[in-house]
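Presented sequentially are two complexes of chain A, the first with chain B as partner and the second with chain C.
For the complex of A and B:
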């Protein structure tokens, strides 16, 4: 067998590297240098990140005048590649005739693709900035209409972004 | 026979036909809204405009040709409507032609001027002719900047039809249907121009037996069903073909299912049975019975209480009861509501296993139900099936009529009832309380399931394969639309989208999965307890057995029944020709 050992010889450590102590000193030196520079980390639970309007967080329903904008057309449910959304329509005496009697998003299925928002003809479902999604059980991951409704005032950034770039 | 040329293609046709009919017979398609093959020609949508011309003739009568030898056609300067222009020998028609396409786009633009952008809330979305044409024959943008006309919404025309005036495109199909098919001439246009709308005559209601057909033929969502309204989007449902069980007409239907629940029943075109129509009773009455109050697993009576048991236990218990009685003491009751396959299995079981000839079925005759169009007086969908395979007693003494008397005098001690609940008269149930033993196959909970010793959970026609034979002796095949634990593994792509892909922790798949079986299957298992092997693995095996043994069925198979949309008894060698069915607009599979 003809094995090339040249590269292996090159990577052998030198004597000073083998005794290790100078390398520890060099590493501590680097730490010391960084200590006096600007801090890049964030103290997460106390200090939160505010995403921009383009961020795709938890999908929510837009609440306008105390009611949902949604008319339960079911397009979000149809387009959802992960089948996360379930909509059941019902009739209302209002002018818009139709409203969602049930609107559930299974957050374990959701992949945050934003198709639901893109397809919505009423601008009723948008991606929010909410990124803290922790569930204790499978059942609690299914969000109902009340949990999904967010007042329109809190969603201005996203709506502005959609109007400009959608 | 005259011939015409459509886009250069030569077509043989009959004189008197219109261009649209000639095109449709040959698989060519002219866009249209108001034309319907069963209705008179109104010609008011202007969507079917085509360019029509005849070849130029020279003074000596010969066709004029250009320098390449092609016939010179002189087209009419204005476009003609294909639905009202009759064919003439040698006529040339252009459909896919620049001038025609521009006219179609202009017509679509006019339609869409006042049509509201209601699609998200409209039930028709997904199966809408206007939506379809807006993609295929429209420019995709509107030049109309003014405000749209607003009209009334949600006007009830009758108990089963809601009208939305804004969405109406004034095709007049519903008006013509009311006049010509339903013979209740109460609809008419009122006002003119863009204020035109349709009104029911003052004091009248659009409430005939066939009123809901206008919902199907309406090319837009102007007419909707209050029963189905907003229950589901059409693309979330599965549609499987079946036969109506309302009466013995055997209307072909499509069953719309989502989450293993029937939401809608609509007619399926079969020119030999129901054409394009069905009655409101068939659409609205019995599907709720299929959805609710079902027997979902076999039960036996233990200490006076119905107790759920496994199929094996229920069948062996039933076998032990059957062994106790002499053949003449057993009465079998078939059912005109059950498939021919089930009834045949019962006849075979009675004659070969129980050695009894006491077999009959319950007749449901209601003269008040019949009318002179589709509805018949026989409320059993399969009476003809029962008769043709011999569900009848050997002597008058053991007919169903005499059952109460036979029970009283002790000549009948065990009654074996298949898919029957005697809903029209109570005297049978009163009499059955005095029998020694009752074994029943039942789909729904009823008075009978309370008193029976063994209850086998039975599949509805919507949950199994089989055939019904209608009043004209037409054998018609139906396929399952709902899933049960029995057919789950075979339904596959026939299930609705949500049913197909649901997982156990999705709330939208928490449906009732019933542990019910078709009767022929239970009977063949029961027969094996008596060392008789029926050799039935699927409904088709039973039907092939019938086709082999019963003379009038000779030569039939499920494949032929599907191809010919049903075959009349005894005419398997000479079936009705296959017709290219006209479908106005329908849900395309997703």
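For the complex of A and C:
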């Protein structure tokens, strides 16, 4: 038995809705308008997106004068919530006295939070604009120091952003 | 007997040409469907294969050819294989009686454009063939031995029976006006903007709605309602057998568009007097112009079919039956009565 006899489809609709056609025409008009709108699609492999300085991509080590800025204090490794960074310090005759003998980031663990960059006292580790991260094996996802080093000239946007907003 | 040979040769050449036109047309409508749906959904659509992706339907068909053809173990093998053939065969067979243009006169012989365009029951032939088309879908649903397929097939036949009646009755109006079953006569009668759609607006509307139901297109695509029936009647089909159903659907859509054009929109009649082009009746140029006109009209209706599909949600099953039996059938009977009175008074 139908208890709710008041609120049935027949009563809810007005006469013009019941004969369908005006509503169908309205719907067609709506889709017709849609058809000629500007498309938002980016043709990805051909049209690449250039991120702004605020973008947090692959974390990299800043290379200045052919060497890393890093002094191997280990703060990044300490703060990393995903335990992705491993640093081993060693001594160097340079002014900075210490340098990382081993610096590895496991890109399968990294969550791109940017804590390492935030905590770094030397501005030595920053997030780059690199977002095309594909690995053929688990081993190749662990990046060593040579893979992580990026010349400072390529990181100006991010460094500028950090100086203004950090 | 030499005469018969020539007739057969002429017919087979025409059949070859028209078959290619139909299949190319089906491919073109697949492309159109994908492009229009993309446009409606703020996408770009296929654009990788060939310029603007126009070769996409061919790429799809080649892919389907290379796919494995899986037949369920419990399926009825014979009918499972037969069903797509019926679907596509019937969809193509309809084009035998569709006149694409008037005629070309070469050395005093009139060549009609169409395999058998002047057959005096062309009209009935199309109605019969579109009804046979349902066998393909129902057999596909039944022979797959899958409950969802069977539901799809059943829905298709129920839908076909419900809408066939109003479709046939709505067309009686056109027959009453032209007093002929020959498609050529019906088209000839509509020369100079005397299109039947102006005389038969109600009949046209009923026929249009029924045509959507007959071709199983949205909003009446219940036989393949994806959210309820997996894939409907073609759930258990793969490879080129699925491809045949796919092509048949688009060929059917083109058939319906052609039928609407012929019966209500003047067929291949130019929208202006043929003298403006300075072409003789029976010349190749005029035939080409008529062919182009016909194709443009059909194309507009194919576009309309696609446009409706991507705008309107699917009807519920009870709504479908209500609309068919309680609305369209009485309206089409009313249309027959009104037209008969009109014909009695004005003729």
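Some points to look at:
The rule is short, and it goes like this: the second predicted complex is superposed on the first by the 129 of 166 C-alpha atoms of A that agree within 3 Å, B and C clash if a C-alpha of one lies under 4 Å from a C-alpha of the other, contacts with A are read in each partner's own complex, and residues count from 1 in each chain.
To be clear about the criterion, a residue touches a chain if its C-beta (ideal position, glycine included) is under 8 Å from a C-beta of that chain, and two chains touch if they have at least 3 such contacts.
Nothing here was measured: the structure is a model prediction, and the numbers come from that model.
By the touch criterion stated above, A:24 is placed in contact with chain C alone, chain B being left untouched.
Of the two partner chains placed by the overlay, only chain B lies in contact with A:104; chain C stays clear of it. When the shared chain is aligned, chain C comes close enough to touch A:35, but chain B does not. Look at A:78: by the touch rule set out above, it reaches chain B but stays clear of chain C. Once the two complexes are overlaid on the shared chain, A:90 sits against chain B while remaining clear of chain C.
In the superposition on chain A, A:52 contacts neither chain B nor chain C. More residues of chain A lie in touch with B than with the remaining chain of the pair chain B and chain C. Taken together, the chain A residues at the contact with chain B in this complex read 71-75, 77-78, 83, 86, 89-91, 96-98, 104, 106, 108-109, 121-122, 138, 142.
By the touch criterion given at the top, residues 20-21, 24, 27-28, 30-32, 34-37, 39-41, 43 of chain A touch chain C in their complex.
For chain C in complex with chain A, the touching residues are 36, 39-44, 47, 205, 307-308, 310-312, 323.
Touching chain A in their complex are the following residues of chain B: 119-121, 125, 153-154, 229-231, 233, 235-236, 498, 501-502, 505-508.
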